[in-house]
Every structure is written in structure tokens, then in C-alpha cells.
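My structure is below; once you've seen it, I'll send some questions.
Chains: A, B, C, D, E and F, in written order; residue numbering restarts at 1 for each.
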Amino acid sequence: MFFHDSQLQYEVRVDKPNPLFAKMLQQAIGGIEGEIRVCLQYLFQAWGARGPAKYRDMLLETGTEEIGHIEMLATAVALNLDNAPLELKESMAREDGMVNAVLGGMNPRHILSSGLAAMPVDASGVPFDCSHVYASGNLAGDMYANVTAESTGRTLAVRLYNATDDPGMKDMLSYLIARDTMHQNQWLAVIEELGGLGVHPIPNSFPQEMENGDYNYNFMSTLRDESKQPTEGRWTHGESLDGRSNFSTTRQPGVPMPLLGEARPKSGAQREQINGNNY
Amino acid sequence: MFFHDSQLQYEVRVDKPNPLFAKMLQQAIGGIEGEIRVCLQYLFQAWGARGPAKYRDMLLETGTEEIGHIEMLATAVALNLDNAPLELKESMAREDGMVNAVLGGMNPRHILSSGLAAMPVDASGVPFDCSHVYASGNLAGDMYANVTAESTGRTLAVRLYNATDDPGMKDMLSYLIARDTMHQNQWLAVIEELGGLGVHPIPNSFPQEMENGDYNYNFMSTLRDESKQPTEGRWTHGESLDGRSNFSTTRQPGVPMPLLGEARPKSGAQREQINGNNY
Amino acid sequence: MFFHDSQLQYEVRVDKPNPLFAKMLQQAIGGIEGEIRVCLQYLFQAWGARGPAKYRDMLLETGTEEIGHIEMLATAVALNLDNAPLELKESMAREDGMVNAVLGGMNPRHILSSGLAAMPVDASGVPFDCSHVYASGNLAGDMYANVTAESTGRTLAVRLYNATDDPGMKDMLSYLIARDTMHQNQWLAVIEELGGLGVHPIPNSFPQEMENGDYNYNFMSTLRDESKQPTEGRWTHGESLDGRSNFSTTRQPGVPMPLLGEARPKSGAQREQINGNNY
Amino acid sequence: MFFHDSQLQYEVRVDKPNPLFAKMLQQAIGGIEGEIRVCLQYLFQAWGARGPAKYRDMLLETGTEEIGHIEMLATAVALNLDNAPLELKESMAREDGMVNAVLGGMNPRHILSSGLAAMPVDASGVPFDCSHVYASGNLAGDMYANVTAESTGRTLAVRLYNATDDPGMKDMLSYLIARDTMHQNQWLAVIEELGGLGVHPIPNSFPQEMENGDYNYNFMSTLRDESKQPTEGRWTHGESLDGRSNFSTTRQPGVPMPLLGEARPKSGAQREQINGNNY
Amino acid sequence: MFFHDSQLQYEVRVDKPNPLFAKMLQQAIGGIEGEIRVCLQYLFQAWGARGPAKYRDMLLETGTEEIGHIEMLATAVALNLDNAPLELKESMAREDGMVNAVLGGMNPRHILSSGLAAMPVDASGVPFDCSHVYASGNLAGDMYANVTAESTGRTLAVRLYNATDDPGMKDMLSYLIARDTMHQNQWLAVIEELGGLGVHPIPNSFPQEMENGDYNYNFMSTLRDESKQPTEGRWTHGESLDGRSNFSTTRQPGVPMPLLGEARPKSGAQREQINGNNY
Amino acid sequence: MFFHDSQLQYEVRVDKPNPLFAKMLQQAIGGIEGEIRVCLQYLFQAWGARGPAKYRDMLLETGTEEIGHIEMLATAVALNLDNAPLELKESMAREDGMVNAVLGGMNPRHILSSGLAAMPVDASGVPFDCSHVYASGNLAGDMYANVTAESTGRTLAVRLYNATDDPGMKDMLSYLIARDTMHQNQWLAVIEELGGLGVHPIPNSFPQEMENGDYNYNFMSTLRDESKQPTEGRWTHGESLDGRSNFSTTRQPGVPMPLLGEARPKSGAQREQINGNNY
């Protein structure tokens, strides 16, 4: 159950409104690296959590924090759209293309669809789609999904920070970057608590003797020229990271491809596929 | 540049064709945990790789391996659809609902759209959408995305293994599970080579003194009742996992929410939003 | 800024778990009539609100309430999936199709992707897509969107109530139906406060003398046979609902269709489209 | 059954072609506020109409009118693309960025995919997706959906009108704005005929005594600080708009959150989630 | 400009309503092989037609015909849903699974979302998405797209015909199959009029001497083992179908892969990618 | 099973990097006319091929070739993004809009999401969606789909060729255009081998006497004014292209539209729809 108060989690200030930056900020709202995604991801992981309750409780906390990040960014987009041009005054023939440049560069739907406000879309205007909410029911797998989300999230925030020279926006982003630092560490801490690298292979509840033991710790090279060796790396020699075996290299096994049966008469194929005739 | 031969990477055998299992297998082809996703993800990471070339080369190898996994699974789907019912013979009023049960449980598009063959869709029939190809240009972030993909992928393969009692399918899945074991270890090996937990916070190229130092290593509790403490865990105390600070706990800072300006006359709002009048 | 506590807004109890009902409940989570949609819709309307602040504040309240509804429904789905079959034991040839019937009728991704938990998808397994978050920047238009959302939402809840005979689920749904009743009234109350039918035509800030006065209060019949009259209704006579004119009927005006210019040589058309020659 | 003739419903004239305006106009074709949506929405409502036939007949009329609006807008887009640049002549280093500005601002797919013609996409280039066709089988709910569609549609048309200074485009838009005025009134007239506010709560066929009577006419405040009162409005006091009760205010009830059961051994979870052990 | 009358183009009669067949029929409405697609495809091709006007006029005719096909199929879905079960009476434990089988096999949204009516979705419940509307501005290319659409459309209709034993449905489908026969021939007739195989390579307006003359009429083998020859076929020898050259076989040329530059300091990459250092 | 070597299929060279051209090139990667589509389309057709094996083998060859085309184009995008601006230095008020023009015209996700690399999206930034992979199980229908794909693909490549004046890019595109020429001819060659126009109507395995013989070779005019004749063309007279009949013209048959039954009490409709009462 959720509550709010009429505060932002952290100050949002825009010194020089810029509708092009508004478009870029949308990536942090509705992009796959954005805040709607992490918010829903942590909440859905919490709501489906089976096993120790402490993880559910922690996921609820951070999922709730993230709603406030969407709120901050949505506010930032709206403030960057103050005074945005509403009129495409100049024809394409005019020499000074400035209004066109800003209007062409903006997300036109910030004018047409939202009335100068944020939308749950990314920087290209593509709506967020909840297939990106990773909640697999496997706690360790989900923690890696969360580290990934916060890593791409912090990378995005850093790119936005570098893109702007607005002091207010830089301050807000330095806060969001800091939170991403914490969250990366937080999900790693859960992995440590679960056993660190020993959680692998995920899921660890599957009896490993039932997997094919000839191909589970070998780097498989697909180089066409078998006389060449694949580039060496930590993944081609030494103990495997899960501590259960040693790395080696191999080639693809290869077996003959089975022929599918002929098409059946009522399957909608061409007659020629049904008779398997004289080609 | 790519090559093929007319072999499967590993044997695909279906002892008792089952169109319901064909539907479930689709998740491993076109689902977000599936093989189209990892295939394209590793290839796009390779094609955009900036920095040490060895990682690009390795990504190309494994991306190429994965094309062969799509091929194996597509073959498995087609074999499971041999002899699938094409006719909805019985009306809903008939007592014995068996044909309806199988036809109702199948993906109807296996009959209607593909002619008893695999499609690039998931187990619900939703087409794969390439927004799930994570390739951020940040090598460490991408490795975590890859560990995640292989973890959810192995979880899916284990669930499919448990769902079927077909010996051929169990053998194929034991091979794919093994490859997922290797790939989890492989991406972890790259992270180790890059510095292990020292790669955090990702991206590590951003000067950390520019992030807000008051909020980057604190678990932020959103519990409504501030007299309660958040559940303790590895993430609330001790050294942070990146080794750069210590965990503590905090509350959301909170600042007053700014009022957006009134709507502008040409923005398509209601008159009442423009005057800011007497409500 | 948001807070939570570890309670559900209202009791969620499942007496007889049923994975088919779990699938149906998903419509109320990730469907277009569902709770993710209203939650994000009200919050985004709040975050972009320009004009009297009281509406922003109220939208925040109800948006926050709706997060708790997603939570209740996600819990209901997980409880309905307890004990769901994980194994497709029987081949399609077996006479007793029961396991197949349940497994075929379930959302297979409840087994394969979420580990017996809710997902942000609808009853067909299609992920929620945020293009359904209506927040136009026009307060009156948005209120109608909200009445619509709560009307289709209550209709859905009623259909779910009728579909189940589980007492726990019926009790939960009777609560959600009640909240939808309130919310329909709530958004209508805003419309009344804004002026009732006088808010029309929306947006009311556009000078109506700039619209084409010959076609703004006429029912336009497209009946092929012009000797027939369109069916009479309130919309063909009497005062228009906005009180600004009277209804009448008319036909489509009709003007000759302009010919587009020929294709240009570098536009990728066929040569025959460029010359406009002798066909 | 449908017919056409080779006329446009109303004149479409472009005095100064502008490819940036072509991009903006796409929102009125393939956007969620656009004409494909209302056209299909009214037709699908008609084709599923159960109950008095007069509504089906009227929906067919207006759905047919809307096909002609798509046609007008598609023509307008093509005319605005006449003479659009096909060549990206200048490198990014050139000082005069005009060609780049226009080409950068255009929808590149107007060159690459359609050959200077309209597409069924919105102003961001996102294809229209038919999940936006609201046809719930509940006549009153659908009428509200239609009022919403025409309200956001007229808001969009007004914004396009304000954005352009092309006299031909302004004339076409003044016609479409007029039709949206009529259609808002038309759907409101159906609501009046059905009983006005008495149609609420929608659906009115559900016996209201089966809904939870403690929570169906109360504004629910989620303010964290319970000592604060929610902002007052028409929705916190007085008779409810459906005339069936009186408004009051309340708080979220709140009940303890149930613990989901442990994960099951074959569900693909981590071992640690199955034992519920010593964390 | 469009007109209608209150008739169906051809009789739609359902002798034994079957909600599973209703689900299957949806593929012909909202599937990629379905009628919404061809309807919009022909109309958008017409509205963007540049060149001889006769093709625009013909496309308008057939696009208008197709609206009537959507109408017929939507009616067929609604009639198949008459008397569909609305209640999931039986728990999964009951022995007789019939109600579950039908409800599990139905599209649950036919109950929950549309109130026993058609929706613009496919047989899996995935909404139609207008990216499938092919209108490239190249007349010959579009005619091939249309032949394709009618071929997959007729294949789908044949599969539906085979799936049902309802006499009314078989009669309706025999009509739709007939129309698909005509439309295949119709688009082929346009290709003949444009020059038959001489329209290739499409677009024929590009001076063919500007394409790479070493690789435009050779079957390129990607067989890994270069000592093997690709399977022979009409495409490996003899005159090319466009009559402009002769077929031969070749291998992939192959050139060294360029190294992308190192990552730049502000690009959000890892430090290790920027220095290109000693890994 | 697949292999690679570290070569590109053909040289990719960018003389003057241009981020706007990078955005345009994305259409050839992730657009519906692009290379991901043809690659997956040919491979899925191969993996589901029933009937003569030679077609499966050929499809594997060309599908494998296309992976290399994605690789070439992804490399071209990355090279065009070298030195792209990362900073939105100028506010919208500055007179010289050049940086804004380039940044506004670029795909912002090339900076924010991929770190200056290609993504599997189109020129508008919309991700590729695998519903565009046409593999119907009908060989002739699929060959037409392939001709279509290569026709729109070559049209796109020609438009890109015309848009750029970069010699390296023109050379790469002249190669891809050549391959599209071959592939158009290749799929036509299969159609010839299958019987040329005699493959129609597709599928040819359906007994044509079961289709409605009154409407299968007639152009159906939907002109409102029945006194007008439809425009004449090859499709209105002479032998049908499949050689099985002669073309003629006709009108839509037309039958009365059936009334759907009233809504049922538990279906969630309005009471007024259930009683069918006095409106």
C-alpha cells in the first residue's frame, strides 16, 4: 500500500529551458534504461517473491523510491518545455532555419499530444512496453537483471549529464547518478548474501548432473577455419567462475539435419510440397 | 561474414510430438529469455565494440553459436507439430472435449499462419521485438546484461526440461542448459578480466566526485512510518561491494514540488487552465 | 515523493487457486482497462498539470491509490498460481485431457517466465504498452479519458466477478468495483466543477468562430442512397449538448480529388510513374 | 458494405509545402488521437453492437465519415512532401545547416519508406496499433471513449492549426475541428438519451448491492501525513454525480500482506528460495 | 469519400456457434494476413499514388471492398460468440474439464474486453499494428506486396475452411477465398501491364550501370566447405528472370573488418575501452 | 549450424562521417525493408520447409548471406557516428543552431543508448518487430513475400544511395543494390520452377470447385454511382493471369445485415442493451 506527499525527492531546477534536452530526458523516463522500467521491475519482483521475505521488503522500498525518480524526471521535462515554440512559422524556403531546427529536433508530440509535458515514451518517442519488466521468479537471476538495469541507467544518466550545461539539470543528474551507484552496490550485496559466484549456474536448484557434461565449461569456437584458434581470454582456461570446473575450448558438435515430413494436404501448402514430386 | 553447413549443432529428436510443447518451446525462440535475443545481442555488441578487439571477436563467436540454437529450437517446434490437428471437428457442445482441448491449447497460428512450423514469437504468440537487444556501448554493463540473459535463459530451459517427459526433448534441453552454464561463466570471466567488482560503479569513466556524495552509498528507506527501520541486510552495513565506501541507511530528502507555469493560450488547454482563475 | 508500508490496501484471499482465473486477472493488471494504465495515467496527468494546483494534488492521491490496486491484483494472481501444474505429463494421444486442458488454458509464461507470479501483461499475454497513458494537457479531455478508463475498468471487474465463484476473489472484486464507482463519480465531479457540458467543445480555448460554421452541429449521413434519411436520435435535432447551437443533418460536401504530382526521378519509383506515360 | 467516389469530403490545399508539417500531420492519421483510431473504433463498436439497432446504424455512419478524414489527411501529407529534399548534400561540418535541418527534422521514412506519401504512423514515426480501438460492448462506456477520442482529436487539430500559417491547411483544419465539435456533441447526445449521468456507475446492469458499500462514494486520500486533509473539491462533498449517494473522504483500509508460499523445487527458482532457509 | 448501406457484402451465417472458431477467425481480421491490413494497404497505396491515375482509382475500389470483408468477419466472430460461457464454474480439480477447456481455449478478452464481439487482434490476441501496411511509393514493388498479401490471405482462408465443419462458415469462406483468387490475378494483371518480368530489378528507374556489376546475377553460396557446390536450381544457370543477364554462382568476396575507434571519454564507456590498454 | 570469420562480406568505408546518415541507414538494418527482416525470414522459411529439400538448402544459403549484410550496415552506422556531437552545448536561444540541428536531427539514442553504435531499430528509432518475418508454410506465397522484401529493400537502398554523396557509402550501397537485383531474380526463378503463373491461385492445393465460382474472376466495383463504370485495365477483361478463367466486372452482392442478439445480463453491458427496450 502506497502513500505520497507533495514534495519531490530531490530538487528539480531548470535554468535554461531547452526542448531538445526535454526530448533526450524522455529516455530516462520511458526508455529501456529508464525509471518506469526499474520501478515496475522491482515492484513486480517484490509482488511475486517466494522465499525469504526480507528481499520482498527491500524490493518494495527501492521500487517505491523509483516512483519518485519518474516524478522528478517528468517535472524536469515539463520545465524544459516551458516556452517551447508552438508555431512552425517559417517555410522550408526561409534562410534562417532556427525555428525549424528547434521544432524539427523536438519531439513533436510534446506540442501535439501532451501539451508541453512528459510522456511515458523514450527519446525517439517510442512508448515504454512492459515486456522489459524482468521478474523471473529466480532471485539470483533477477538481481543480475537489476545490476544491469542500474548499470545501463547510470550510463544513460552520465550521458545526459555530459550532454547538458544547465546547472540545475547537472545537479539533478548528479543525484540520480549517485542513487544508481548505490543501487548497483545494493543488488550486488544481495548476490553476495546468496553466495556470490556460487549462485551460478543459475538456477542452482537444477541437478547439474542432468545437464550435458561434455559441453558445459567449454568455449565453443565457430571460426570457419578450424586451423585457427579462438582468441584467448579468461574464459578459455583456468577455473570456471562458479568454481565447479575448468574452462577449455571446443568446436560445434554437428549432426545431420533431419528432414521435416512433407506438407499435409489440408495444411494450405502448395501441391508441389505435398507430393514431394519431381524437382 | 558468415557461413553454414547443413548440420544441426546438436541432435534434435522428438519421440512423441506434442503441439502444446511446441507452443511452450516458442518462448525459447522468440521470448525475451530466448535465443533470437541473445544471438542479436551478442552480434550487435560485437559490431559496436570500441576498445580491445578481443572482446569483439569473442562476441562474434558466441553470437554465431546462438544462430544454431535458434535453428535447433525451430526444428524442435516443427517436429512437435507433426500430426497436429488441423480440424476443429467438435462443436463446444460435444462431451468429449479432447480435440478442442488440444486445439484450444495450441498456438492457433501454428496452424493458421506458419503451416506447422516455428515462428519468431513467444509462448503467448507475441512477436519478438528487438528493443530487447541490449548493447549499450559500455562493456561491463553489457556483460551484466549477458549474464542476465543466460540466467533467465537457463531458468527457462530448466522449466521446459521439467515440463516435458519426451526423452528426445530432454536430451536437447540438457545440451542447451549446459551451454547456458558455460555462457554464464564466460561473461563473468570477462567481468573478472575487467577488474571484477572494481568495474563498479558502471560506467567507471565518470569522475565519481561529480556525483552527489551524500546519497551514493545509502540504502534509502521509503517506509511510511519513519519510526520503523528497514530490514537489515548486507546492503545496509559494511563495505560497499565496489570497495569505495561503506553502506548506511537514509530517508528520502524531500523538497517542495515546483508549480509548473499556467497553460499558454495556443497550447490547446482549457480556458480554465490558462487564466488560473478562481477554482 | 512516495512511501509504502507492508500492507495491502484491502484483503486478498484465494479459496481455490485456479490458474485459468490467474490468466483472466492479468487483464486487470496489464490490460488497457487495467490498473497499470490508470495508475500511470493519473500520475502523468498530475506531473504535467498546468493550471489550478488542486487538480494536480487530487490526481496524485488517486494515482497513488492505484499502485496499491496493482499490488492487490498481482498478489491475487500469485495466489491463484499456487499448485499450478509444472509438468505437461500427458501426450496429446491420452484420453483424459485434463492436465493438458489446464496447461493449455493457462498462460504458459506463468510457468516459463515468471515462476508462478504476475506479469505486466494482459489476459492474452500481450505486455502493457504505455501509449495508453492518456495525458493530453487538456484538463477536460483528460477527465473524460479518466471516466472512460474507470468505466471500462468497472466493466472488466464485473466480468471477472461473474466469471469466478471463489468467495475470496468475489470479495476483492467487490471492493475494486466499489472504488471504480467512486472514481467514475470523482472525474465527473471535476467536469461539473469546470462547467459541466459547458466545457465543450474541448478545447474551449479555441475561438469557435475560426472553425467551419457550416459543419459543426450537423449529423453527417454517409448513406449511399441519398433518398434515405439517417435514423433519428437526440443527435439529429434539438439543442446541441454544449448549448451553443442546434443539431441538424447534412451530407458529405465532396470536392474533386487533387492529382498528386508525378514521381520524381530520384524517389525510387518505377520509371513508368515518372514519365506519366501511355498507360 | 461500403462504397466510394473519387472525391474528397472537403478541399485539401497546400499553399507552401512543408515536410516538417507533413511529419506533424501524421499524428492526426496514425496517432492515438488520430483518424484511423476513431474510424476503426466506431466501426468495431457498430459491428459488435448488441441492443437497440439505431446506435449501430449511427456508428456505421460516422465510422464511414472518418475514412474520408484519413483520406483528406493522407492527401495533405503527400502535398506537403512535394519537393521535399531527397539528398543529404551537406556534411555535418558545413556552416549552413539548412538542408540538414529540414532533413533532420523530417520523418526520414517519408523519403526512405513511402516515397513522399503518408504512412499509418504518428508524428514520431510509431505505427498505429489497434489496441487503441476501444469497443467494450458496454454502450455507455464506449460513448465516453468516443467523447474522449473526439476531445483529444479536436485538441490535436487545434494545435496543428496553431502550428501552421498555410492558408490551405488552416482551412482544412477548420473543417476537421468543426466535425470534432459535432462529434463531441453527438456522443454526448447518446449519453443523454441513455439517461445522462444516470448511466453511472457503468455498467449499470451490475446489482450495486454486490459492490462494497463502505468504499464506493469516498474520496480516498493517500497523503502520508494523516493529520493533513486532502484538498477539497466537488468530489469530497455533496451528492455523488450519479445521484445515488453522497461524497465523503476516507483513508486506505490496509490489511497485512500475505506471504506467498516458498518456491517449489521444479519451478526454476534458486535453492535458497525453496528451503526458505537461514537468511 | 466513402459511403455505406446497411447490408453485408455477402451472407454471414453461423449454424453452430463456436468460441474457439471465433478466436481463429480473428486471424483474418487482425492478423498480418488479415483484412484490416489489405484494406489499409490498398487505401494508403491509393492515397500516395504518383503516376497514372488509373491505378489509384482501382486501388480505391478494392480497398473499399475490403472494408466490407472486415465487416463480414467481425459479424462472424460475434455470431460465433453467442452463448459463449461467461463463468469459469469449475475449479481445476474437477474431473470434467469441459467448461475449462472451452474457456481456456477461447480468447479470454472476448469475454473480458469486448463483450462477445470481434476485436482488431489476431488469433493470439496480438493487436494489429499498422507497420504491416506496405505502401512504398514504388508501384511494382507494391503490386508484389499485394500478391503476397492475397496469397497469405487465401492460404489463411483455406486453413480456416478446413478447420470448421459449420456450413454457414464454409459458405462465407468459399466467398472470401474466391475474392482472394480474383485479387491475386488482379495485382498480377497490373504487373503484366507494367511490363511483366521487365519491371525488374525494382525500382527500374535506377541506372543499372551504377550497381556493382560483379555481384548482381550470381547465386552466392555461404557453404562453409568451399569444395561443395550449392544445390543447383533455376537460379544458378540460364538467363536471369528479368532478361538482363545470366545466372552464375559465386562466393562471398570478404575483406578485412575495420576496427572502430576507441571509445571517447564522455561517451559513457568503461575506462578500459577508452585507453585501449593492456588487455 | 553456422560459422564466421573476421571479415566483412564487402568493404565498408565512410569518407565523411555523418550522424544524420547514420540515422537513415538504420532503416536498412531494423526497418521493415531491412536486413534483419530478410535474414530471419529466409532462415525461418528454411527451418519450416516441408517438401523438396533443395529449397530449404537455398534458403539457408541466402539467409546466411544476409547476416553479413546486417554486419556491413551496422559497421557503416558506427563509422558514421565517429565524432558525433555528445554535448548539446547551445541553448535554443543561440543564433547559430548548427549543433542543435545535428543533435536534433540525429537519433538521440545513438548517443544515449548505444554509445555511437548501430541498434536494431529503423530510421525513426522504432525497434524491429519479428511479426514481419513472413514464413507461411506455403512455398509460392513465401517466394512472393521474398520478391516483395527484395523489391522494397532495393528501393530503400536506391534512396539511400541518392541521399548520400559519400563515395565509400555509395560504393557499399552499389554492392547491396546488386545483391538485391540477384535476390529478386532468385525468388522469381523459384516461382518459375514451381510453374510460373500456374502456381496461382495460391495455395493451389485447395480444390477450386469449392470456392464460390460466381465471384472469383470479377473485378468488383465499389463506385457509389452504379451508372459509372470502373476504369478499364488488364484486370477487367481477357484471360486471367493464372490461365484458369476470364476477367469480368461485377458489383458487390449485398445481403441484409443480421442483428446480433441482445446483450446477456452477465456480460457487463448496460441494462438498456439487455432489455432492448423503448429507444
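Just a few scattered comments:
In this section, a contact is a pair of C-beta atoms (placed from the backbone, for glycine too) under 8 Å apart; a residue touches a chain by one contact, two chains touch by 3 or more.
Just so it is clear, the structure is predicted and the values come from calculations on it, not from any experiment.
The chains in contact with subunit B and with subunit E alike are A, C, D, F. For chain pairs B-D and A-F, the one joined by more C-beta pairs in contact is A-F. Subunit A maps onto subunit D through a rotation of 120 degrees [Cα fit, steps of 5, range 0 to 180].
For the self-contact between subunit C and subunit F, the two sides draw on mostly identical residue numbers; the shared fraction is above half. Centre to centre, using the average C-alpha position, subunit A and subunit E are separated by 30 Å.
Centres computed as Cα averages put subunit A at a distance of 26 Å from subunit C. Centre-to-centre separation between subunit E and subunit F, using Cα means, comes to 9 Å. Shown for subunit C are the residues that touch two or more other chains, namely 1-9, 32-33, 48, 50, 54, 57, 60-61, 64-65, 68, 75, 78, 86-87, 97, 101, 104-105, 111, 113, 115-117, 121, 124-127, 129, 131, 136-138, 140, 155-156, 158-159, 162, 193, 202-203, 206, 222-224, 252, 254, 260-261, 263, 266-269.
Those residues of subunit D lying in contact with subunit F across their complex are 1-5, 48-54, 86-89, 91-93, 95, 97, 100-101, 103-105, 107-109, 111-113, 115, 121, 124-127, 136-140, 193-195, 199, 202-206.
If you check the complex, the residues on subunit C that touch subunit F are 155-156, 158-159, 162, 224, 266-268.
Residues of subunit D touching subunit C in their complex: 3, 5-13, 32-33, 54, 57-58, 60-62, 64-65, 68, 75, 78-79, 82, 86-87, 111, 115-117, 126, 129, 131-132, 134, 136-138, 140-141, 144-145, 147-148, 151-152, 154-155, 158, 161, 174-175, 177-182, 184-186, 188-190, 192-193, 197, 200-203, 206, 208, 210-224, 230-231, 233-235, 240-242, 247, 252-258, 260-261, 263-264, 266-269. On the side of subunit E, the complex with subunit B involves touching residues 16-21, 23-24, 27, 31-33, 97-98, 101-102, 104-106, 122-126, 155-156, 159-160, 162-165, 222-225, 252, 254, 259-263, 265, 267-274, 276-277, 279. Against subunit A, in their complex, subunit C makes its touches with residues 1-9, 30, 36, 40, 43-44, 47-48, 50, 57, 60-61, 64-65, 67-68, 70-71, 74-75, 78, 113-121, 127-131, 133, 135-138.
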